[in-house]
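Look for subunit A in each of the two complexes below; its partner is subunit B in the first and subunit C in the second.
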Partner chain A sequence: MNNHQFVLPGSYKKWTLILLIVGLLTIVYGFFAFDATAHGGHGQNVAATRFWAVLLQNSVYWLLLVNASMFFICVTTMAMGGWQVALRRVPEAISSVVPILGLITFIILLCIVLGHRTDIYHWLDAEAVAHDKILKAKSAFLSPGFYITWSAISIVLWSLLGRKMRKLSLDTDKNGTMDYETGKAWIWKNTVWASLYTVFFGLTVASTIPWIWLMSIDPHWYSTMYSWYVFASTFVASMSLIAIYIIYLRSKGQLEYVTDEHLHDIGKFMFAFSVFWTYLWFSQYMLIWYSNQPEETRYFVDRIGTAEKSGPFHGIFFLNLALNFLGPLLILMKKATKKSWTVVTLTAVMIIFGHWIDVFQMVMPGTLHEHAELGFFEFGSAAFFIGVIMWGVGRYITKNSLVPKNHPFMKESMIHHT
Partner chain B sequence: MSLLKYESQQREPLVDGDKNYHQVTEDIIGPIELKPTRLWYIGFWISVALLLFGVYSIYREVTYGIGQWNLNKTIGWGWDITNFVWWVGIGHAGTLISAILLLFRQGWRTGVNRAAEAMTIFAVMCAGQFPIWHMGRVWMAFFVLPYANTRGPLWVNFNSPLLWDVFAISTYFTVSLLFWYSGLLPDFATVRDRAKTKLRKLLYGIAAFGWTGSTKHWQRHESLSLVLAGLSTPLVLSVHTIVSFDFATSVIPGWHTTIFPPYFVAGAIFSGFAMVQTLLIVVRKVMNLQDYITMGHIEAMNKVIVLTGSIVGCAYLTELFIGAYYSQNLYEMYVFQENRANIFSPYGWSYWLMMFCNVVSPQLFWSRKLRRNIAVTFFMSIIVNIGMWYERFVIIVTSVYRDFLPSSWSTYYSPSIYEIGFYLGTFGLFFTCFFLFAKYFPVIALAEIKSILKTSGENYKAKMTDIERADAEKFYIEEVEHAH
Partner chain C sequence: MAGGIKKFVVGSFDDEAVLFPAVKNVRKAGYKIHDVYTPFPVHGLDHAMGIRETSLHTAGFIYAITGTTTALTFISWVFTKDWPLNIGGKPHFALPAWIPITFELTVLFSAVGMVLTFCYLCNLAPFVKKHHFHPRATDDLFVMAIECSDKTDDNEVQNFLQNAGAKEINVQVAETGWWIGRYDKEQKLYRDEPGY
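Entry: the complex of A and B
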């Protein structure tokens, strides 16, 4: 019996550091080289637009991704799930990055809004809004005041409620096995906090937050499906990150009670939610295509173009479907592949990259138009955010035990087989 | 992998009382072997009477035409399509329970799946009536099938979501029926083996398809279940998705909205579970099955109701916010602000009734006490189904009754007696089938209950106290590693 205290291997620290440094250098370089403070008119200072658009894409994507792992904990808690207990510390560790990534994201959003980046959010342009009947009518919602307040409340509450859930879990390590009554009270308390988180998650991630952070980039366009689509995108990426960490920690001899059976179930989640994402993708696309109303189809015309003229995001648009639907569907269909460490790792990387591309195609067409690039700056910025996540997760898994051994459902999880 | 039968005592038992396999058989098969009670006859004949009224209403409609209904050129879909969508929605719980909850390994499904699947099949049968009889010239109904045809160049319109409905619903019905029936085989065999009369033995023998309970049979039965579960899971989503396409592919404000597919599915599950509650609360009492359909089962279903009700609520508010405000589209805003949210508009009341029944009232189930209260649950299950009927009414009628051309506005639509009669007739069909099912079929999946008895039965769980108290890591070394 070991004490489940994990010591970070040198290679993990080294890579975290490399990613952080490369990322920081890229962003600092970009800040000066792209003249990031240059006024964000339309079509002028494209480089500055690129700087902010890329930071917006990355911060929103990675923040919603790590936040979704707390959603996973909360829904399994509310559903009285037992199987996932043995691996529960992994999503906990990932969600522990929410406060720091939230802060970074908030700073970026503040810079965009207070810096009047009208190239990112057209609705920030007071003069344009004054002459635009539609934008004027909804300026109470698309306004710096509401944007900043609601973003701040959301990030703070995700962080606090998530912290409470993690604390409840870590507290069990201090005491021994719970008797029936203590266990019951503890499960109850968990359920209450998980419900609060989930309800708030519904009010933010499943509705308002994607509207203001992403959908308002194309401020005249709207789709009621949008937020659920963003949720599906980030949730499946989060499940993939959980899978990667499980495999990594298993390969280091940790998580001794997590078997391939548990990995199989995580693989099922990756498969199921890839299909679910596709379902939402298809529903949104097909309905807009079918009814063919110009104010709605514009969104897709900006991406794929028309029959006569292919759009600048034509390739990205189909790459999105290949990476996030065809790939996971064909690869993860079989039981054997969901249990294979190599296959799951590669597929998980593909899914995380795929949904990064998905958010890329949500942000870029409305901001950079045909000037969007996938170059060193895009990947370098992503490296920074990945570095932050690795640092935060590394900190959590070395500070805390990886086995919630006193969880009332731990024994169920130990004998779990599918 | 451990072969140990263990489940945390924190989970409520799924079978109450001191039960063994024989006792389970007695409890579940026993009622089938008795003569029907007086109450059963009363209920059955009331249902048949309603069914006959429905048949007469359909006779009027077929003989004299759609004019027997109060539809007009503005409100071309009224009660008929509302009822169609309502019944299809109800027909979602059964397959969700048998397929998706099977994949999620929810043990409590075993207590309720049989009745829920039966309900699903009957509900889909009722739903199918509406589009079929709405065709007017029903003798041409086969025209919806795209067979290699003798009609020259006349093909069905593959672009129409109404045609997709034909495929989706018939596939769903077929797979649900197969799923339900294959699950019944071992139970029919049990009834056959216990039969005292020759006729009984013969009939249940035929129904059991020669099931002997050999290992081979079980093996094939289990792989079939898994295959059907895999097939049914996308079907649960596809049917109501396509029903939502009937509206959402159009350009009609109030119908054309991208959130429709997942929100219709959530609403369908919501209403389906409400109907399961309505039926099972009566069944468990009348047939004395409280040990199998426990408070835990009712609570679990109420949790599904509060979950799906809240998802539906999230969708309603999204639609309202985007439609009435964010879109700044004149027509969308008119539908949401005037035709719906304005309580003083001709149908405003129906919008708020829907909001109250589907979004506000299910929030009661955040309270554990209310989730476990039979009277509240029963009452709520009715409220939810009224609300879900109104949801479809709101969508169908309030989106079109004041259309683009004010001269064709039709602010008053009320159903004729034959529209009502047709609807009541489907209740007759539904309950006639359900009464027959409850009398002649094992209403609980006997074989499945037996499969969970030793992990989730009250008496077995009581013996697990030692494991429950053990330290997790010691438990692992003793029970799991040694087992290898």
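Entry: the complex of A and C
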């Protein structure tokens, strides 16, 4: 035990438990009430489709969100960043949820693929693929074999490489103060593992994983922007979650070396990546709108509709833009707001919800079409995943010191001033 | 140009760690700091000197929305009123196609506007000259200029700076505003200075 040990307050445990129970009850209720095992092709058994589509949306979104916080650690490590060291244990704690959420996600994906849910992934329908030139050409890639293998490899490697990064960090607590040579060797080792993680992250989150998990819901359509767009979405949400945890722990008197200067920088990340997300969102939209090819515009017709008839996701589509672009842009523009605990917390909640909506409108139009709902089941399932994250983070921050006091860059972080 | 001739007590420091408490003590003693000249941006010095936050970014925001408005009104006037063209069957009011230009003009207006405002605030322009209190302020000295009024006893201020740790102290009578001039005609090189 040391003086940086954090004891979870009762309210945190209570809310974790409430969210987990509510979420679990919702999912179990949904499983029976929506007859989740029913065959769902061609618009039959919409309720069953809803069950799996909602689980797909939530598991993928929350998994990629927690995984992006390890990406944050790795890129700042590779950039020889010093400022983030004082708050480093927070993204570490968030990324420690990757193995458990990865397992949950993998089980859901297995159920969808092995359960032959053609209502979620049209390319699972072997007969339809045989008569479809486009799907036939993609069948090496969009097949259960590749899907399951690559998903498994991705989740396992995210977990293992992330665990190695966390272990390197936690080892410094035990090994005592480092002299110049040991510190240099440790930083080098840290950088090597961080770069391995980043390369693998590029091969998965920034390319293949969003293609097979989300974009293949609309298998005829493709966009080269898509994976970047999903990455930006989950990364900015991850930065928001880090901000929320920093403010929470600061309000409990922890993280004594994390000042408003650090929060200011996290706020800059939230601001910058909201704009980056918009850039990708708009680039994808404008090119398709401009070239006006029927096979490409299909994706947006399913969402906003046409000039004559607005689509079922018209409202969600523009809400997405308001929550994730206009809101963060106008609220986080000023320095004072990026340093205000209240404003940053509220904006972070808005961004996390906004990108949840973003993934909602990626998944639902291709699976549920006009039958999509935003009701108790959607929010209840989200509660389960939030509960899992709160449980995992709570476990990590109580088991380990919140201050990496022997990190060679710790002093640089303590005197950080912008 | 308006500034007028004033008397200054100038103290030069060679250490940031000495400079900060000196700034604090000089302010506490009630002397008026004209400015502190440093070879590089010193974190927190503006705060220590009690200078208010700059409004440059507010100006930047105003320039930016001016750029946005200019772009949107001009393009929409051209394409819907002045010279409507059928481009690929798109509606005349084709907002998505205009966003890149709108973005560019927003950035251009705010960037150029902020640079010009910055130059104006700092009196920076070709041929605009200001008095230099110490040539080594651009090299390795932190130079603090204290403005004297009629009632200030400059010996007292010099002693104060001596105690605060200044390495070099002198009294200068200088123009506070700017004037038009040319460096090649007026500048005395540092190597020609007596103390070199």
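The rule is short, and it goes like this: the second predicted complex is superposed on the first by the 416 of 418 C-alpha atoms of A that agree within 3 Å, B and C clash if a C-alpha of one lies under 4 Å from a C-alpha of the other, contacts with A are read in each partner's own complex, and residues count from 1 in each chain.
Quick note on the criterion: contacts are C-beta pairs under 8 Å (C-beta built on N, C-alpha and C of every residue); 3 or more make two chains touch, one makes a residue touch a chain.
Note that this is a predicted model, so its numbers are computed, not measured.
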For this session: State whether A:P408 touches subunit B only (first), subunit C only (second), both chains, or neither.
Result: first
For this session: Tell me which partner A:A126 touches in the superposition: subunit B (first), subunit C (second), both or neither.
Result: neither
Exercise. In the superposed arrangement, which partner chain does A:M225 touch: subunit B (first), subunit C (second), both, or neither?
Worked result: first
For this session: Applying the touch criterion given at the start, work out whether A:M333 contacts subunit B, subunit C, both or neither, answering first, second, both or neither.
Result: second
Problem set entry | Partner touching more residues of subunit A, whether subunit B or subunit C | B
For this session: State whether A:Y290 touches subunit B only (first), subunit C only (second), both chains, or neither.
Result: both
Problem set entry | Which superposed partner A:H417 touches (first subunit B, second subunit C, both, neither) | both
Exercise. In the superposed arrangement, does A:F141 touch subunit B (first), subunit C (second), both or neither?
Worked result: first
Problem set entry | Common interface residues of subunit A - those touching subunit B in one complex and subunit C in the other | 286, 290, 417
Seminar exercise, completed: Counting only contacts in the complex, subunit A reaches subunit C at residues 282, 285-286, 289-290, 292, 333, 335, 417
Exercise. Touching subunit A in the complex: which residues of subunit C?
Worked result: 43-44, 57, 61, 88-90, 96-97, 99-100
Exercise. Along subunit B, where are the residues that touch subunit A in the complex?
Worked result: 1-2, 4, 6-11, 103, 105, 234, 237, 241, 245, 248-251, 256-262, 303, 310, 314-315, 317-319, 322-323, 325-329, 366, 467-473, 475-477, 479-480
For this session: Mind listing the subunit A positions that touch subunit B in their complex?
Result: 1, 78, 80, 82-83, 133-134, 137-138, 141, 176-177, 179-180, 183-184, 187, 195, 199, 202, 206-207, 211, 222-228, 257, 261, 268, 275, 279-280, 283-284, 286-288, 290-291, 293, 295, 405-412, 414-415, 417
